[in-house]
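Both of the next two complexes hold chain A, though its partner changes from chain B to chain C.
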Partner chain A sequence: MEYLASNKIGIVDLTTREILEEELEDDLVLEKIGGVGITRSLYDRFADEDPVILGTGLLTGSLVPGSALSVITAKSPVTGRVSHAPLTLDAGMELKYSGFDYLVIKGAAVKPVYLWVHDGILDINEDNDLWGKDVWAATDHIRSLMGDDLIQVLGIGEAGERASDLAQICINYWQSGDRMGFGGLLGKKQLKLIAIRGMGLLEIAEPEEFVEHCAGLLSAVKSGGAAKIRGIAAMAAALGAPDLDDWLKPLTHKHMACFNTPLPTNTFVFLDEDPALLKETTVAEPGFLLTDISPLLKLKRLGLPAADACRILRECAKRGMDGAAVAELSEKAGLKDMGAIQGALSTLKGPAPTAGETAFSPWAAIGNQDPATWLRRQAVAYIFGLDPVFALIAPELTEEKLLDIASIGTELELTSETLDEVVAHITGS
Partner chain B sequence: MAPWVVRPMDKSERCTIHEEKRHPRIGIYTGKGTSHSWLWFVEIFDRLGLFDIAFLTETELRRDGLDRCDVLAMSGGDTFAIAESLGPGGADNLRRFITNGGLYIGSCAGAYLPLRSSKEHLNLFNFVPAKIANITQRLPESVRIREKFCTAYGCSFVFHPVREAVQVATNGFPPFRQAPHLTAPLYGGPPMIAEGDTQVLASYVGFTDQTVFLVDEQLAADTVLGKAAVIRQQMGKGHLHLYGPHFEHPHFAKANQLLIDGMRYDLARDLLRPHDDTPTEETISGEVCRELLRDIKREISNSRIVAVGLEPLSIRWVIGNKVYEPSKIREFIEPLWKRIRPLEKLNQLTLLPGQASRWREAASSTTRVLRRLKRDTDKGIDTLPAARDTFEALNRICSLFLDIYFRTMRHALLQSQP
Partner chain C sequence: MGLKIDVLTCTACMACELACGYHRDDAFALLSSCIMPYRAKEKKNYVGVMLKEEDSLVAARPEGLEINRIGEQQDPEKEADASAKPMLLREACDLCEDVDDGPLCIKFCPVNAISMD
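Here is the complex of A and B:
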């Protein structure tokens, strides 16, 4: 695969420590397009070896608006189904530029390891100091060890280490859209984290035409209905969820976008610092980046003040726990204040009914959308590599335009029939 | 003989120097005192397909490193440190090399080195009867980039009136027959005043939009314009070509071409040594080669990642008479990084005995020292010792990597010839 790809699939066997590399063949892209189309195909190929597959969408890391997504595909310990979770912020893009389009992680290590993915090199490394660290400390540790603060870290905390169903794979310090318990899978594999850094380049078949089409899409999105969305509360409202704005506003410091996403869908709240501060804070851990709508809604419903809810989520992120599951189980257990919930974090047990009914993480909230439309849109986002929340509110990114731009970028004839087939296979519809 | 044409390297072709029957053996000084600019020489020689390159440290120059060379390229850096490192032995060898027919190409610090001087160490290299125009006892006021503005020179100062691209005009004499007007970047190199039988090949004639003035513009004009930018001096059977601006800078194609024209013009008619394979070389391929290259790529990538991590930090180090910023680190690493892919494609390496393990060790120690530098920076402790170690390690890995690269390319070229 010459264009929009690094042309490499890495296959890691943690048991034998063998690392293989394969080319990403054009035929596979013509048949499965990319993203979950190919991660699912790789999962099926290695299904007997309990694989966790990381993969990039065909347009991930490109100039297409919202092209922030990579995906994790594995059998969910929560649902027992092959499922997909999103990797957003800058992690999805970083994987695309790491020199690998897809990573297959098989087997389990004899003792704790981490993967270091960089510039087309895959290393299985041991580090006695990593296991036992919380997500934040592990991220700091690996960045310091490797000497770069831009390294993207997909890591687990103590929840993942004990293979809890509530464990999630976090992105750097923040919660991800992993509602599938994939954090526990990494724990079982004794894989503490995957550190990713890539300074590669992507070739584009028709670069000028590609850029022109991307610019057109960006203009369309910016003049569309969602153009004024700023932050997670506005995003929740746009998806038809109850309003979080008044609740969060006193804590809101700034809004942040995922890679190349024209709308900031995340919100950074200050918990131990004045949110209105406009200079560099001297507080080491001033707050938390809110990336997930669902746990906010649930914790608000429990009657918690926003600051307490955010502190709980910060603690969840450090422990590598799915905040939505924690909120759900706390409600079931009748826990109604921050102290009680935080005190119960190490004893809460799942499974929590937050994994949804489909193959896709319900992180991109269904809100008031028709389920079939939501499912189709998620599949398309996960195939092309679009932030799945952004994809829901940006109808300007039509399937036709995405296929067109992917064909321009790759010189491959990608058709709507192929897309239909891949979506049908992924969704089982 | 076919003309040597400098043009950007692309995927499909190397330059027409392949058509030459015999290639000169070129020594590039990489020892103490050099800056990263020796890598610019590497770039243009690689573009030309001139693969017979020797990377010479001060130790090798003091021994017999020049004996098998036709050309010595001395890049920019810290002239005082270069002179001191080479010492009397290096100076004698250099004099012998040139008088026996060798060609010395000096750029910036490499141009200052053989100019007349009474200062200790420098006075060992009084090969060219020319003076520099940018010397003063009363230092003018610097208006910007104060840290790169001047160097103490006994009771006087060598000051640098401008930086970046300046206009140069050739003086119409061979070997500079092309490009009467061109631009080339000046990073502290000398405006020169020729004396005796020294030939001026090009002069400074103006500034450009890119020129950065470090002193008052009128003083800069008075100091630089009309002075010699490139001079040529015969010495015995050999010659010296001294460049104030960096004609070897890879972004200045016209200047590159003139430098090569000059080199070709003054190469000895009979090159100094037969250019056979070194008998002790061994060539590896297949999985062994892939593994070695993967190990090297891993470490170059690791180093490159730390280098990028250091770049946003507002630190700099004064090492000798030179100021180094974090961005300099990648000036060393990128030339290696971009040559990994061609080696991977070739899947063949030509090495001297023991070179593979030295290569691995040099690459991993570069990563280690860079990571130490980053950690020390993060901790806020004095990073000068780590920075010194870093730039030494970078110089070492670059020399070794490029020695293997050129050895391999030369071997592959010889293999491909009928």
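Here is the complex of A and C:
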């Protein structure tokens, strides 16, 4: 695969410590396009070896608006089904530029390890100081060790280490869209984290034409109905969920975007600092980046003040726990205040009730979307590598345009028939 | 004439950095961009934008604009930003002089945080 790709699949066997590399063949892309199309194919190929697959979308890391997404595919310990969870913020892009398009992680290590993925190199490393650290401390540790604060870290906390069904693979310090218990899978593999740094280069088959199409898509999005959305509360409202704006506004420091995503879908709240502060704070850990709408809705429903809800979610992220599942289980257990919920975090047990019924993490399934439309749109976003929340509210990125631009960028003839087949295979429809 | 950056509007999406990299390499890459949001203080959510110009390194910070003349000694008491060194090695902004409709960072900024000064 010459264009929009690093042309490499890394295959890691944690049991034997063997690392293999394969080319990403054009034929595979022509048949499966990319993203979940290919991660599912790789999962099926290595299914007997309990694999966790990381993969990039065909357009991830490009100038196509919303091109932030990579994906984790594995058998969910929560649902027992092969499932997919999104990797957004800057982590999806970083994987694309790391020199690998896909990573297959199979087997289990005999002692704790981490993966270091960078510059087309894949290492299995031991670090006696990592296991036992919370997600934040582990991220700080690995960035300090490598001397690079831009390393993207997919890591687990204590919940993952004890293979809890509530465990989540976090992104750096923040919650991810992993609603599938994949954090527990890494724990079982004794894989504490995957550190990723991307400094590669992606060639484009027809650069000028591709970039002009990207500019056209961005222009359409900026003229579209969702153009004014700023932050997680506005995003919830746009998806038809209850309004969170008044609740969160007093804490809001700044709205932040995932990589090349036109709408800032995340909101940073200051909990231990004045949210209006414009200069650099002297507080080391002043707040939390809100990346997930569902737990906010659930905790608000419990009657919690926004600051308490955000503190709970920060604690969940440090422990590597799915905040939405924690909120739901807390409600079932009758826990209604911050102290009670935080006190119960180490004893809350799943199964996480929020895993949903489709192959996709229901991270973006909020509000009043039509299920069939949601499923199709998620599949398309996960194939091409688009932020799935953004994809839901940006109808300007039509399937036809995505196929067209992907064909221009790769010089491969990608058709709507192929897309239909891949979507049908992924969704089982 | 140069670029003007409204860092309070910036959402740190990196579209400007990617567009600039494309201008340099005719491919997608981030290492050669002369503009970049810096993301190194993630836990503090402290975001700025750095721009390499011919004679200076411009840091658009929430506190205001900081212009460091290249080659002049900086305040030794001040903590160096981890992103500054690789920026100094990059080509200076040429305002995409070969692009008909202006700098690509402006064109691809989704929130209109970059404009011509």
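Quick notes
Definition applied: the second predicted complex is superposed on the first by the 428 of 429 C-alpha atoms of A that agree within 3 Å, B and C clash if a C-alpha of one lies under 4 Å from a C-alpha of the other, contacts with A are read in each partner's own complex, and residues count from 1 in each chain.
As a convention for this text, a contact is a pair of C-beta atoms (placed from the backbone, for glycine too) under 8 Å apart; a residue touches a chain by one contact, two chains touch by 3 or more.
Source: prediction; values computed, not measured.
Of the two partner chains placed by the overlay, only chain B lies in contact with A:H118; chain C stays clear of it.
Set against each other, chain B and chain C touch different numbers of residues in chain A, with C touching more. When both complexes are overlaid on chain A, the residue A:S144 reaches chain B alone and has no touch with chain C.
Within the superposed three-chain model, A:L14 lies out of touch with both chain B and chain C [touch as defined at top]. When the two structures are aligned on the shared chain, A:M199 is found in touch with chain B and with chain C.
Contact with chain C, but none with chain B, is seen for A:H255 once the two complexes are overlaid on the shared chain. In the superposed model, A:T281 lies in contact with chain C only, and not with chain B. Once the two complexes are laid over each other on the shared chain, residue contacts for A:K222 go to chain C alone; chain B is not touched. Annotation: chain A residues 148-150, 199 touch chain B in one complex and chain C in the other. The residues of chain A lying in touch with chain C in their complex are 4, 61-63, 65, 90, 93, 97, 136, 148-150, 172-173, 198-204, 207, 211, 214-215, 218, 221-222, 253-264, 268, 270, 278-281, 283-287, 289. For chain C in complex with chain A, the residues that touch the partner chain are 8, 11-15, 18-19, 22, 25-31, 39-47, 61-63, 82-83, 104, 107-108, 110-111.
Remark: chain A residues 118-121, 123, 144-151, 197, 199 touch chain B in the complex.
Only residues 294, 297-298, 301-302, 304-306, 308-310, 370-371, 374-375, 378 of chain B touch chain A when the two sit together in their complex.
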